[in-house]
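In what follows, chain A forms one complex with chain B and a second complex with chain C.
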Partner chain A sequence: MANGIFETLMLVGETLIYPGAVFSFIVAIFTQWFRRKAYARMQNRMGPTYTGLAGTLQPFADYVKLFFKEDIVIIRGYAKLPAFLLALAIGALIAILLMLPISPYSVYAPYDIIVAAYLLIWPTLTLAALGFLTPSPYGALGSSRLLTLTIAYEVAFLISILTPVVLANRILGAQYSLYLSSIYSWLLWTNPVLIPLIIISLLTALISLQCKLLEKPFDIPEAEQEIVAGPFTEYSGPKLAFIIFIHDIEQYVNSLIIVFLFLGGVAPFVEGPLWAQILVVAIKYIVVVLVLTWIKAMVARFRVDQAIKMLWKYIVPLSLFALIVSTVI
Partner chain B sequence: MLTSITEILNLLKKYGKVEKIHKDTYVVEISPGKVRELCEILHWKLNGHFSVTVGSDERPVNGYFGVYHVFLLDKQKLSVIVHVKVNPVTLKIPSITPIIPGANWHEREAHDFFGIFFEEHPNLERLILPYDWPEGIHPLRKDVNVRELRYKLLKKETGLVVEKKAEEEYIVPIGPYHPALHEPEYFELYVEGEKIVDARYKGFHVHRGIEKVAEERLTINQVPFIAERICGICGYTHNVAYCQAVENAARIDVPLRAKYIRSILLEIERVHSHLLWFGVLFHLLGFDTGFMMTWLVREKIMDLAEILTGNRKNYGMNLVGGVRRDINEEKIKLSLETLDYVEYKLRKILDKMLKLKEITSRTKEIGLLSREEARKLSVVGPVARASGISTDVRRYHPYAAYSELEFKVPVYDAGDVYSRALVRYDEIFESISMLKQLLKNIPKGDLTAENVKVPEYRKGLGLTEAPRGENVHLVITGRENKVYRWRPRAPSYNNVPSTLVMLKGEKLADAPAIIASIDPCFSCTDHVVVIDVRTNVKQVLRLKEIARGK
Partner chain C sequence: MSLLMVVLETAVSMFIVTLLAYGLYLYSVKVTKSFSRKTREKVLIYACGEDITEKEALLADRHLFTTIWNEVFKPLYDSLRGKVHTGILNDWFFWMFLALIIAYTIIIVLGGVSG
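So, the complex of A and B:
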């Protein structure tokens, strides 16, 4: 029974500290700073400069400012329900972290990719619900746009991440587990037949992730120039801080999934020292974030019909093709 | 088809007394019964266009109210002002809105400010005065004193004013404050899903009453500085238009060097305004990188303005009769270098950006304004030129130094947002080429005319081509070095009503780009619309009541 208590303590510690709440807060601050800085430099701007070294603490300052503001509850709005939904989304994202090799004591079981898929959809549902919980027309419009997009990009993203999982199971016996697939996925790159499949699903995963993160060209639900901030228009103070936190942590978790499933995780240092493994994962993570930022700086926003058309016409069929081939191969 | 000037003058003489007020500008004084007939001929048959309606209280001078309809005949290079005397007791004249829908706002404004009734006007509601303004006070009448007005407004107690029942469709408000448009205005979009089925507009949130201030408190040479503050982007063009109106009225000859300097600054203003517009368009389409890049180049133009005048905005360069500061050789050399750099940079940036698929797919065939609609609403400037109407004050009613320049007037037929962008794209490079011609050929000479004396009760019309379209100032000079009546008509006044036509049937996502495509220039706000969710009745609150915690 002692083993059981140890396990529980480990899991609690992981949830709260590493790689859970505290660590993801640090990563969220870094990621947000990195995206802002890179985006600004791509546009000939300075980006954050004043707070901390090269502005690294600017996102932290923003969070602190928002956390200590008054929590304004609008008439005909809800006080506790949004908070509950926000907590649920953050919980779901942290639970996925426990299933990745990044955590020292990982949770896994056969077919747990289904659990991961379920948890990945939670943040989206939370954000959509937030808009419908306010009487603002901008909120309702933003949420309906978000749900319209969801039926396209969530499908594409799930199919895309299924491809390496299916391949890992068929060839390496990973039992459809996110953890095992992540550990063995680098072996897929050693087989030249599989490389095109991985690259195709990597591309579709990156594009649908951009949509999942509501970044350009898919920032339609929160298009500032049309519907102010969409679902988040009426939220301020701590709730807004948590909305931004969800965005950052979603970026962190999903980019890590891409790093582990598609880019081989710790790849050249599978047997190597721990610091080298950490460094490799960090570099791959930064590359993924940089690519997403680069897409953001390069394009203008789609209209909702154009985005749906693009996703269903190109991204979903491509990812589906990769998945079908990977089941047959 | 009448073409020659004498034929047109003969035609005008049939209707009433014709008087030449200055070069190419005629006032024809007619009786109210003939207004519609003549306006129809001028706007539709002679292919001119309706420009502005000016109301005026001339009871101290001749015992009547006056209404002036200004028409510009581009082909014949003529301006015709139709003057109608309005009986001060009945205060009624026929409306021309049924013939020229573009006159709608102009007549409502005259109704607000002078209490003149336009018979058979389809919708003679308040346009500029706030909803809670007391009935029967018409602020621009000469017997209304600013001080008395303030006293009356402070004393009155008005409660909530119920405006209108909101309709069944879902309303998406854009304004009075909205991140897309950086000035206060209020668009109400009625949407079904993502489609806009109808739109309504309420503007003039803070009408600053510049006309009244100028007429009561300022002298003729002080007005240019307040005229420059009409617009935050293209103020100088108002300044020039006012000065030209007074110069025309007083028949002052402006030295050629001053005219060149005016043209140089007007073109600099046009380039920076168009670049600003491109930045805003890219921003509204969600292409922030484009926004940052165009504004980086625009900064060079702003620096240029600062070098030449000492200010980035509000140059303060004009006086009636000339300009206040000179430009030396060193500055000319620096300007030419900057222009070369800007031209090179812009070709590179804008060429690429206008070809981006996300930009073209969201601007082509969107916000359509057909040629007929454009003629009906009498739109001006790039909006008209994008709908296939070749109109440009610089070409057809030359002022300042424009008669000595070579330039093209870009015209596109598609009438969509993309062609409005193309018109402005072409105009930027035309302006740069004009600037080079002006800077290279600027003659030596005086800066101001000598003996500037302004006789009383003379009319003058000042026309300029602002970045947003033709800008018309009608001035009637007064006694003691004052202005008797000054009516500036900014180009957006004619262009804004056309957005309601463009918006119908479009997607909500395209609304900001469509509204911005006319490059609107609004003003500041002082009351708020509250929609009661339960009863669906809209109410207009005054700031005082909000402060009371209503």
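So, the complex of A and C:
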């Protein structure tokens, strides 16, 4: 009985504080600041400067400003449904954090990768639904583009993250669990035969994640010169704050999955002190965010057909190749 | 821990955060209500300065994602169309026969038709 109450309290505490809502908000602010600063420096600009030390509190100021702005609902637009969908997407992303090793009381079971994959698709579907919930041509076009891309990049991302999960199961008995695969994934780097497979799936995961985050060259659904802000055109105030928060937290969660599944998580400090483990995960996380920002700064936007051709012609077959080889090797 | 428990615990976690986020949204709406001014222009559909009716804001199906798929996979259709529509009846029969064999194979692999 006491054990059950303790577990429930732990679950609620984790959901609300660490690694849940509060911690995610702090990391989202840091991630947005870092991305904006790095992106600006790559373009020979200063980036956020004034609010907080080196502009670190600028994203926080932006969130507060948007949160206390009027929520404008246009004619025939829905007021509360989009907000509820956005809240659900935030909930789905935070629930995934409980399945990763950063959580003190991790939630895991055999085959839980299915649950993780299901939760990972929530934000995409929410963002796509937003465009169809307002009578706006830009919203509908943006959502249409987003759904078109979804069919390509979600497949590629899922197949990419399945490769280390399958390898960890076949070689280390991780039982298709996200948590166990994350714990043992560093051992995959000790086998020279598996390294090419991990590298291929890491590359495909990074590119499909770039598409999932709607960053250049895949920012087609919100191409501002063509369709203003796509699905988000008619949203303002707290809803826009939620949309930006979902973007930041999606980057945080997916980058963390890449850190644990592909980059070995806490390795080389598997047996090391806690501070060293935290430091190494933070460094790997920053490297992933930096690589994604670097791609964003380096390339121009694809057309939607070019993006789909690239994803289906190269990224999906490559990730599928790595997955098939990992099942027979 | 079983998979069902994982589903339940993640669902509980999702539910708690959803309530929190939605509560924050409702709080924001309540706070901003006092100083927000409703004007006609604010609630009109944004169309880069153009006057647009609700009907015009709706898109025809041809602008939605099916078109993109058709465009991307056009080379596949084009090559198939060239092979099927040669004007020779035998060619047409061959492709139809092939389609029939594929359909029968799928039905047999899936366990046939009962009843």
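We take it that the second predicted complex is superposed on the first by the 329 of 329 C-alpha atoms of A that agree within 3 Å, B and C clash if a C-alpha of one lies under 4 Å from a C-alpha of the other, contacts with A are read in each partner's own complex, and residues count from 1 in each chain.
Heads up, the rule we're going with is that contacts are C-beta pairs under 8 Å (C-beta built on N, C-alpha and C of every residue); 3 or more make two chains touch, one makes a residue touch a chain.
Treat the numbers as computed from the prediction; the structure is a model and nothing was measured.
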For A:Pro110, decide between first (touching chain B), second (touching chain C), both and neither.
-> second
Where does A:Ala297 make contact in the superposed view: on chain B (first), on chain C (second), on both, or on neither?
-> first
Examine A:Leu141 and indicate which partner it touches, taking first as chain B and second as chain C; both and neither are also allowed.
-> both
Please work out whether A:Asp305 is in contact with chain B alone, chain C alone, both, or neither, and reply first, second, both or neither.
-> both
Scan A:Val228 for contacts with chain B and chain C and give back first, second, both or neither.
-> both
Determine, under the contact definition given at the top, whether A:Asn44 touches first (chain B), second (chain C), both, or neither.
-> first
Could you tell me if A:Gly237 is touching chain B, chain C, both of them or neither one (first, second, both, neither)?
-> second
Answer with first, second, both or neither: which of chain B and chain C does A:Tyr18 touch in the superposed model?
-> neither
If you stack the two complexes on chain A, which partner ends up touching A:Tyr78: first (chain B), second (chain C), both, or neither?
-> neither
Using the superposition described at the top, determine whether chain B or chain C touches more residues of chain A.
-> C
Show which residues of chain A both chain B and chain C reach, each in its own complex.
-> 76, 135, 137-138, 141, 228, 304-305
Within the complex, chain A is touched by chain B residues 170-173, 178-180, 194, 282-290, 292-293, 296, 356, 358-359, 361-362, 507-512, 533
In the complex, chain A touches chain B at residues 42-45, 76, 135, 137-138, 141, 216-217, 219-220, 223-228, 297-306
Chain C-facing residues of chain A, complex | 11-12, 14-16, 20-21, 67-76, 83-84, 86-88, 90-92, 94-96, 98-99, 107-112, 114-115, 119, 134-138, 140-141, 144-145, 147-148, 228, 233-234, 237-239, 242, 304-305, 308-309, 312
Of all residues in chain C, those that touch chain A in their complex | 1-3, 5-7, 9-22, 24-25, 28-29, 31-32, 35-36, 42-48, 52, 54, 56-59, 63-65, 68-69, 71-72
